[in-house]
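In what follows, a single structure is set out as structure tokens and then discussed.
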Amino acid sequence: MTTFVLVHGSWHDGSAWDAVVPRLEELGHVAHSPTIAGHGKGADKAVGHDDCVRSIQRFIVDNDLSDVVLAGHSFGGSVIARVAEEVPGRLRRLVFWNAFVPLPGTSVEDDLPPSYRELFARLAGESADNTVTLPFPIWREAFIQDADLDRAKAAYQQLSPTPYQPFLDRLDLSRFSRLEIPKSYLNGTDDTALPPGEWGWHPRMSGRLGLHRLVQLPGSHEVVFTNPRLLAEKIVHAGRD
Amino acid sequence: MTTFVLVHGSWHDGSAWDAVVPRLEELGHVAHSPTIAGHGKGADKAVGHDDCVRSIQRFIVDNDLSDVVLAGHSFGGSVIARVAEEVPGRLRRLVFWNAFVPLPGTSVEDDLPPSYRELFARLAGESADNTVTLPFPIWREAFIQDADLDRAKAAYQQLSPTPYQPFLDRLDLSRFSRLEIPKSYLNGTDDTALPPGEWGWHPRMSGRLGLHRLVQLPGSHEVVFTNPRLLAEKIVHAGRD
Amino acid sequence: MTTFVLVHGSWHDGSAWDAVVPRLEELGHVAHSPTIAGHGKGADKAVGHDDCVRSIQRFIVDNDLSDVVLAGHSFGGSVIARVAEEVPGRLRRLVFWNAFVPLPGTSVEDDLPPSYRELFARLAGESADNTVTLPFPIWREAFIQDADLDRAKAAYQQLSPTPYQPFLDRLDLSRFSRLEIPKSYLNGTDDTALPPGEWGWHPRMSGRLGLHRLVQLPGSHEVVFTNPRLLAEKIVHAGRD
């Protein structure tokens, strides 16, 4: 029996894992899916990256969780790397699922290709609350291309504008590389939320982990919606000892 | 119901799609598989790239096709990119299946690795009619390696010498990047017709499309022969809205 | 009916193929799995690369094998490339399975990423007999990540310290590229024994073969233990004409 804490990415909230959690439970595990501060519908979006980190850290501490396999998706990777610096003793393994692994002293934005950097800056500037709304064509073509159009639209309704400031904050992360917590990278072989190649997830991000376990699954950046049962099974493979 | 127009690659003709079309029809679609000018057995091989483009353009216009998903394989990618510039209003989406996406002002040959460039120039020079016959060992090892030898030989009998001039013609393509037609790239994960890496199909060619949908399937450059039903299903996923 | 000679990698011996050989036999073939000189438990580890080559060469000659499909895994790739130079007339095809394909005049060590180079030099220096023992965490995370922990531990018991000198010896290999023996590369898509990317197996090593056949299979560097039946089937596909 493993205790999983699942940390969603930008535009998502904890409900993204609603079909993954029951499958993990079927497999005999416990799974939590907290929402990051500043994320989700109706949340106060005026947050920085530290607020994001503290919200997950507090969730783990307040629930007195230990021996946790902490998994982060996409932006959530930058959160779990920082959380690991804060509560290393409570963690058994980190799982980065098509997730950012920022270099010490850099921001998530530093790892975005120029086209996204320009788009997000413009969208945040045009918003009333310094948030970025993901344009539907990008969602449909590059994030959830393995769904049919109806499912892509339905899942899009679950998204909400994501706070921009956490992309910009530089993360110290000087302790991260010295942590002795085992690490896994879970890679969707069809994931194009970051464009494959020079700016892609794998091996660019996975390669920053040092010794780690690679687990792969077919599917897009959003298998959490399009194939949640397989995702759960791969999270188990990524998270086991 | 979608109308597909399927454009074959070099050495092939429209009959390459003979096992794909019925599966598309089973799935409720309409599919056409015209032969490019200068291609196929008995054709007059004295053509340039413009002749290739005009033959497909004319097929679409003469049959008064609209709302077309236009798919191109290999060399056919360079044809559909140009056709899209000529009849954009008739097209719903472009699907590039392990296909060339030439940069404006370049030729297909510019995207070939040096070894192919030298080989094709030599073979064309040695031919009576400026054509290139694909050597069987290249076909067997690098194009259709997922077939057994008998099937590889049988499919080779369907091929014919391909006109060389269309490889050399520089394509303007200045309008292509401004077209608002959605685009997909269909990638065979075992395709080695172009050598993986620096000279490979993906992400080199797919990355030139800007925002696009990536769909992948296992198999060689010739799944049109070795797994036509799966190819048809993936063309539907690549071509849907 | 094909005669296979299967050459294991470092830390392994011929028994690594114990579950592959019966499946090849079921499929109608003959398979041999000799142990390389200096490898296996109880062997005299004072060997150089030439000793490794001669032991496999002698196995083929002493058993008067001909028309052999010679397959090498990992370090075994450097052995079969050299054996092919010595007994080309006995070989029908070479199959490199996530294997080294050294450039003429270089050593296996030249193809290792710096982290492995430093680690292996240190471990060999600390050993009594100039051997490298593979640390369990590397085995578990980067070599056999598709096994559960029990299976990973059981397979680890089959390993033994590997002689270091064969990694260092420079291999002439000036005849290798001129051999007319067909070649295949068998690539495990989840193999991280060499880190994917700049230092990865594919397409770095496969690209050195010139015209070759690529066959891929899912799984880690150690599918010989985690999926031997699939490995056997893929070896047949890689090895057929």
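A, B and C label the chains in the order they appear, each numbered from 1.
Here, a residue touches a chain if its C-beta (ideal position, glycine included) is under 8 Å from a C-beta of that chain, and two chains touch if they have at least 3 such contacts.
Since the structure is predicted, the reported quantities are computational estimates derived from the model, not experimental observations.
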Do subunit B and subunit C, two copies of one chain sequence, contact each other through the same residue numbers, with over half in common, or through different ones?
different
Quick check: superposing subunit A onto subunit C on C-alpha atoms, how many degrees is the rotation, to the nearest 5?
120
Report, in whole Å, the distance between the mean C-alpha point of subunit B and the mean C-alpha point of subunit C.
37
Shared-contact residues (touching 2 or more other chains) in subunit C:
189
Which positions of subunit C touch subunit A when the two form their complex?
137-138, 140-142, 145-146, 148-149, 189-190, 192, 195-197, 200, 218
Contact footprint of subunit B on subunit C as seen in their complex:
182, 189, 202-204, 206-207, 211-216, 237, 240-241
